Amino acid sequence: MIDLSVNIGSLKLKNPVMPASGCFSFGKEYADFYDLSQLGAIVVKATTLEPRLGNPTPRVAETPGGMLNAIGLQNPGVEKVIAEELPHLRKYDIPVIVNVAGTTVEDYVAVTERLMDSEDVDAIEVNISCPNVKCGGIQFGTDPAQAAHVTESIKKVSKVPVIVKLSPNVTDIVSMAKAVEAAGADAISMINTLVGMSIDLNRKKPLIANGVGGLSGPAVKPVAVRMTYQVAQAIQIPIIGMGGIMDGEDAIEFLMAGAAAVAVGTANFVNPLACPEIIDGIRQYCEQNGVASVSDLTGVAWK
Amino acid sequence: MIDLSVNIGSLKLKNPVMPASGCFSFGKEYADFYDLSQLGAIVVKATTLEPRLGNPTPRVAETPGGMLNAIGLQNPGVEKVIAEELPHLRKYDIPVIVNVAGTTVEDYVAVTERLMDSEDVDAIEVNISCPNVKCGGIQFGTDPAQAAHVTESIKKVSKVPVIVKLSPNVTDIVSMAKAVEAAGADAISMINTLVGMSIDLNRKKPLIANGVGGLSGPAVKPVAVRMTYQVAQAIQIPIIGMGGIMDGEDAIEFLMAGAAAVAVGTANFVNPLACPEIIDGIRQYCEQNGVASVSDLTGVAWK
Amino acid sequence: MARLTILEHREIADNMRWLLFEAPKDLQYQPGQFLHIRVTDGVDHLLRRPISLCKVDGGRKALGVAYRVGGKGTKLLAGKNVGDTLDVLGPLGKGFKLHEGDRHAILVGGGIGVPPMVELADQLHRNGVKVTAIVGFQSKSVAILIDDLKQYGDVLVSTNDGSLGRQGFVTDYMTDELLASADRFYACGPTPMLRAVQAKMEGRVAGYLSLEERMGCGIGACMACVTSCRLADGSIGYKKVCKDGPVFPAPEVYFA
Amino acid sequence: MARLTILEHREIADNMRWLLFEAPKDLQYQPGQFLHIRVTDGVDHLLRRPISLCKVDGGRKALGVAYRVGGKGTKLLAGKNVGDTLDVLGPLGKGFKLHEGDRHAILVGGGIGVPPMVELADQLHRNGVKVTAIVGFQSKSVAILIDDLKQYGDVLVSTNDGSLGRQGFVTDYMTDELLASADRFYACGPTPMLRAVQAKMEGRVAGYLSLEERMGCGIGACMACVTSCRLADGSIGYKKVCKDGPVFPAPEVYFA
């Protein structure tokens, strides 16, 4: 029997695979395809204090080996999320991680405080890196001091582990990671999307209505693996690695680079069964390579 | 007749397509496939003061929609480049752009000074962005003040136009571009490669001997187009756009984003005839869309 | 989700193709639903292409679609051969609703909005509803499925250039007389057409519009495909074309 | 560069395949050269795969290669069918040099280093050179091309597990007697094998080693495929496997 379980701070996951925020909504749709209890955890769509409509359409575009999105944090607001979306996830025996977004530090703190009233939140993922929101978000994701400030402020009010999600659109991701670690983050998730653009040759305008969008999918995997490898060697807290994971081998690459767990985004759109198939792929790799515990793989590429 | 000519500072190109530095060596190999006079210009491999061996192998790895390379500036040194490599390019009726790299500002200046003794150099491309050289290069590429300093120093000794090549591995590419423009750059080329990594699951180590490598190819195109779009609106000097251009339509995307010309790297490896086919593709697009002069396309996506 | 085998694949007009799949087991479907098709197993084209169900052949247990070869993905699709299998999700979304008691329905299709009208016409016809199909195309060279529709009722054709049927727009056929005789309308096509149809029908004939939007997941999870709708409380909000649609009651659809 | 049509494609051992192309017009080639093959027209696998020429059939105007199905690219390649065309560059690089006056040559092939020995053996044989081929494999299940080689001379087989021929390494066959009788050797295979062969032959038999390195362009432009060599001036420097090789005079090759 292979031990697939991993720990993210005080969270115990039965396996290292979770859907990435924004790619799984609140889980209902994928529950039509498989039993969500198979997952290591579930990460839900970004939640803000007030409801948000997000950006105009088109919101997605295909790119070579990847896609752009500019959903723009569409969500019904934290009240509705707590009342209508989270309770149905209780029936699955897995930790629920809520992705929190905002424009000001006060926003983040207010959403977190409100979430603390719910029984259905096992961890907070702080989205300081969404490239699709004009004001807010992005500066927290590119300035270590601001990232530390928002982390600290959330830590003060959170009773559950706080995971900070890093943006790859920075010169020095290691100093971002160190700053949020020093500010008390329990874990880091990385990477959010790279800022990109496609131009529609017919309309002679950016294809995505928002202009820029976030690039995800296999195209970004080498950047994500590199950043995971660099950050893992510089910090002590666990990393949830993501960016272009399509199969078990991709997931193993992130673990070897230093991630303790992985998240799967774009692959869900290509294959609704991506998450369970990736869990199977990891198990198979461990079996075939004599790995007794998946956590032994973390960081072997540099250890 | 479509006018394909474009100007990069005082350089006149008969069309906007040139090979990207490092992907075309000094031209000899591709001359077996077509007459290099068809090109808009030729950009040769990075040249340093002393000969360099570069990095150990493996130096390349395939990634989804792209590739990693860590050649590490292997070159015979500026003396041999001037004596043995550049003269044979004279027979083609096209501008020769020499890519200059170094570890210190003095290196860059010395290489440039030496190149000024040659009749065979029509422009300098300053490579402040090579991610594959451990010391040097990279800090010039990520700090606006240092980028400006190296630009200024080279401008003082150069008698030919100076093109500064920007790294995409920065938080704010616009401020990099503004800094080198203010320092006197005649043009900007962008983007160099994104820093990436692949892990070899069998060896449990980074696949590329150097650890990290530079990501190029279609995978990076959305990032390159986005940066071109942003920089073009912030500066007055022309941009040579590149990153994942595989066909005429990709080239048009960069022109619409704001590039005056384009460079083609990885595509040469996939298809040795990539450059002439891209020139044909641009001509065809112009014909079919009633574009009289290719320079009319520059920046139409935001103008 | 299933790998479906291609039974037929042929050109039916300029850059328009007919593709017949072996039907998945236990097929449940409504006219107006769509298939979400992967065009390659590689990663160069990650996103699935949404294509409407055009015809279900119960006898042969087969599922047909008609599509335009336009961009890179549909070009790849066009290269697939009989016997090849494709990764297909669906049928997905909410299709056209048939109403008991209807006696006459107007079906309006524009361009690649025509395909879903075929299965709809068949079902209405089988239910004893009189079908009047109004279809519009750019020109004769891209006109499709007219003979198929004629099996189920009258077909009125218009083209932009007059090369087939009447020159003009589908709405030109919508006389007061026709509208007065109809219980229901169903429309699918480009936005300008849908907007004109919505305006023409408002307050006169109840019906449905089928919308298009660029999609990510196709199942309601990514929020890519939203469209503005009049919500129950009268406010304007987003609904998802992939899950809440692609077919919406006409008055719900809000064209900005 | 040409699109070549596949004439034959079949499994010849576990995960080992034989692929025969229609030869390009005006084919110029040497044994030991390689083809640089695109495995898909899409962008998901950008880099070409280098595969050695194994056999040229002048009569049929055909070009054969043998390859191992290992990674993602060769798996895609394995899915191509007779009649499909592939984008092929080459033959590229410097092949094995035949020397006039040679009477006996030892050919050494290990695993996927065996294929280039077949065309070489044929040419030597036609030139009246006696051929002794020593080939090594992991085990019987992956042994290839032995019967082909037997047409041209003696074939000595070793496997790591003893399931075919002698258990052990190719060098075990290299007796003083054999070496004394040989004018030349030619070797291709994994680095440890080449290193052992180089050591064994040094100062006794002149010959050539064919090397492998990950490639970008395949034509000498990208500097990806360098290997350490003893240069003319005695210093150690890089040469390009794709252009200066893959075949090098044995003493030039420097194993660190």
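Details
So that you can tell them apart, the chains are marked A, B, C and D in the order they are listed, and the count of residues begins at 1 in each.
Note that in this section a residue touches a chain if its C-beta (ideal position, glycine included) is under 8 Å from a C-beta of that chain, and two chains touch if they have at least 3 such contacts.
From a predicted model like this one, the values you see are computed outputs, not experimental measurements.
The minimal number of chain-to-chain contact steps leading from chain A to chain B is 1. Ranked by how far their CA centres sit from the centre of chain B, the chains are topped by C.
The largest tally of C-beta contacts between two chains is found for A-B. Inter-chain spacing, taken between the CA centroids of chain C and chain D, is 56 Å. Separation between the centroids of chain A and chain C, computed from CA atoms only, is 36 Å.
Annotation: 47 Å between the Cα-based centres of chain B and chain C.
Counting partner chains per residue, chain A has residues 64-66, 217-218 touching two or more of them. Annotation for chain D: residues touching 2 or more other chains are 43-45. Taken as a contact graph, the chains are fully connected, with every chain touching every other chain. On the chain C side of its complex with chain A, the touching residues are 1, 38, 43-48, 73, 87, 89, 213-227, 237-238, 243.
Considering their complex, residues 43-44 of chain C touch chain B.
The part of chain B that touches chain D in the complex is made up of residues 22-25, 28-30, 32-33, 45, 53-54, 57-62, 64-67, 69, 71, 74, 217-218, 246, 266, 268-273.
Remark: chain A residues 63-66, 68, 142, 169-172, 194-199, 201, 204-206, 211-213, 215, 217-223, 225-226, 229, 244, 249, 252-253, 256-257, 285, 300-301 touch chain B in the complex. Residues of chain B touching chain C in their complex: 64-65, 218.
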